[in-house]
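Since the structure comes first, as structure tokens, the remarks are kept for the end.
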């Protein structure tokens, strides 16, 4: 059986003395969209940060195309083609909208995404390209954050709670753009608190509960009660 | 007329102080690091120019071609080997480590060169002067001032118009997220320090040509650079130039009143500005 | 139904109690030093006591209040010069002059604090250095105290301390011993007080301390003024010993800041025992390695950097982290907690 694109094997994560993840197993196949849901503090962000290299782990706990990358630095992971849209957007305040996007393409990887293409996807950003990035509305900042990640032409994009703090109409707008983003063979792991949205765009879903995987299933067919049980740990 | 002369001399002196300060300002902007050894590194540059001059028979202005890359390399190595380990939330490690470096540098220079004051001989250009209307100004001070303006303009251009500058700004904003863009933080910080010390090399050579220097001269240079930065306002390179000029003018006017008051006058003006405008005259960021 | 365990909060540990008991004979021995120590040894012990005072004070400032000053030499010199001025120019007896020096130190450090507290972090540090330079340059202008080349303490003043050379050496020693006991006592008292708890909170996490309602500015201000006044006292005693003062010696950054910082860093910053241990180690090294001047400073600098990078809590910090040792009863421990469930 060929290696999954991304595989987490018994991933443990710690913040000092506090353990946030307990033996998480997860796999992602090329071209898939995998959703990860769970309550606050379940460990979803910790998991994404671990994959992205912001948290150090055991090398073999995170495998990318069969290679252990758990101990790599974030910039090394980025060079492999894994991009993170971080929770809270975290744009660079000293950079304009356009500069935020350009720096996303810092690594110069080849691919379908370019500045023009991001502007096609999110036209409002073109209008505001020279503005200070943090002067934009929440939804627009989210667009910049997503565009920034896409500019690196990744093979895998990790999205951490992109709907957090946004008005429903904006969330809908962004999620409507998602198929256009993911369509071209880009693989995605989407962490969401909005369960309905998460299920609507993904093929498979994992649920994390207090640092452990409590559910794994097909997004379209997993029963509601199972999700509720897995989400709340009852 | 004498006062006008003093003001002009002070302004030109401000160029040298701005050069002292530019390196300090740069690394504070990128890394929030204040290098206590900065003044001693300026003095180190002067000594390196001295050694190149003695061994290769080079005019110090020509030796700059060797001193600048040497200091840049030293800066990169210093940052990556030692200072990168001090970067973090705690303010004590970088302060105490750079303080230790300052003491080590001063004493190594003392062992290597003795405490005798030294001078860099640049030849005829040192005494050449040019007439600016009613006053005569030295060519060297004008050269230094012009260099300061060019360097600051170049740094501004680099910061706001190049990929490296973008990388600096992004890393300064959010180190972690900058790593997500594929920027190696350790390398970026190394480059920033290399650039800072390249500017410091210029400052050191100009200092050595202008006055006598000895291993203990670093402290005063650090203070002048620091005063220029604070007067001008943090995070603003042009402000630093203004700060340097104000400091230079304060000192030369003070010297006019009494030669012994020169440095004290500068300190007093600094303290007054600190009292009235604690963030400086043209601040861009907060300390 | 399980009974609620009785919890007691105590500051004492077996070690700290043993230490405090041991202190009594140690103090008696030290007070009796003029009778068993030679003249040179007595002077050395005096020097150790004064450096220890400076170290304990600097540690309170930097390790607890987070105010890293590289300009405390301002107050050492100020204390020295003021003592010379009060005794020689104002004709006061040394014993009268000393407490006045402390008060004057409080008075002058207050406006200085207001000014330089506008700076933060490393900029604050350099600001303290500027202040020290201003003091140095200002005192160098005072011709009645020797201007740039300084002056000596007149023999009358020296004689007014006691009759006979031996008696004077004894008095100088007792003054130094008294000073270090006063300083350590003041610091212990401060750390055990409410202000002290606030300080420890600030040391550990300033932002959290502020959110608890602790007035950071006022606490830091109090500590700065207290430390500066006492530093001035030490300065007065230092130059009383040296019998001569000059601007460069009085305001020497090397002597009164570099060495002190290295002592505290090596001993362990942020603990009370650290500077004490550090001073002893520093002098042990100095006496055994013979004063190699520049090489010694370079070695110290290297050791301090290595410690800061790899063992930032210093010697005592290492011992404390390893075995929870504490000599002075400062931190509160809770006893009587039931064991945690496995």
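The chains carry the letters A, B and C, assigned in the order they are written, with residues numbered from 1 in each.
Assume a residue touches a chain if its C-beta (ideal position, glycine included) is under 8 Å from a C-beta of that chain, and two chains touch if they have at least 3 such contacts.
In this text, all values refer to a predicted model and were calculated from it rather than measured experimentally.
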Work through the pairs of chains, note which ones touch, and then classify the graph as line, ring, star, complete or other.
line
Out of every possible chain pairing, name the one holding the most C-beta contact pairs.
B-C
Can you compute the centre-to-centre distance for chain A and chain C, using the mean CA position of each chain? Integer Å is fine.
53
Just how far, in Å, is the C-alpha centre of chain B from the one of chain A?
44
Please work out the Cα centroid separation of chain B and chain C, and write it as a whole number of Å.
33
Each of the following residues of chain A touches two or more other chains, namely none
Going through chain C residue by residue, note those that touch at least 2 other chains and give them in order.
none
Show which residues of chain B lie in contact with chain A when the two form their complex.
163, 166-167, 169-170, 172-174, 176-185
In the complex, chain C residues that touch chain B:
62, 66, 68, 70, 115-116, 118-123, 125-127, 129-130, 133-134, 137-138, 140-141, 253-254, 258, 261-262, 265, 269, 294-295, 297-298, 300-302, 304-305, 308-309, 312
Complex contacts: residues of chain A adjacent to chain B:
52-54, 73-75, 78-79, 83-84, 86, 90, 92-95, 99, 102-104, 106-107, 148, 152
Which stretch or stretches of chain B touch chain C in the complex?
33-34, 36, 82, 85-86, 90-97, 99-101, 103-104, 107-108, 110-111, 219, 222-223, 226-227, 230, 260, 263-264, 267-268, 270-271, 274-275, 278, 287
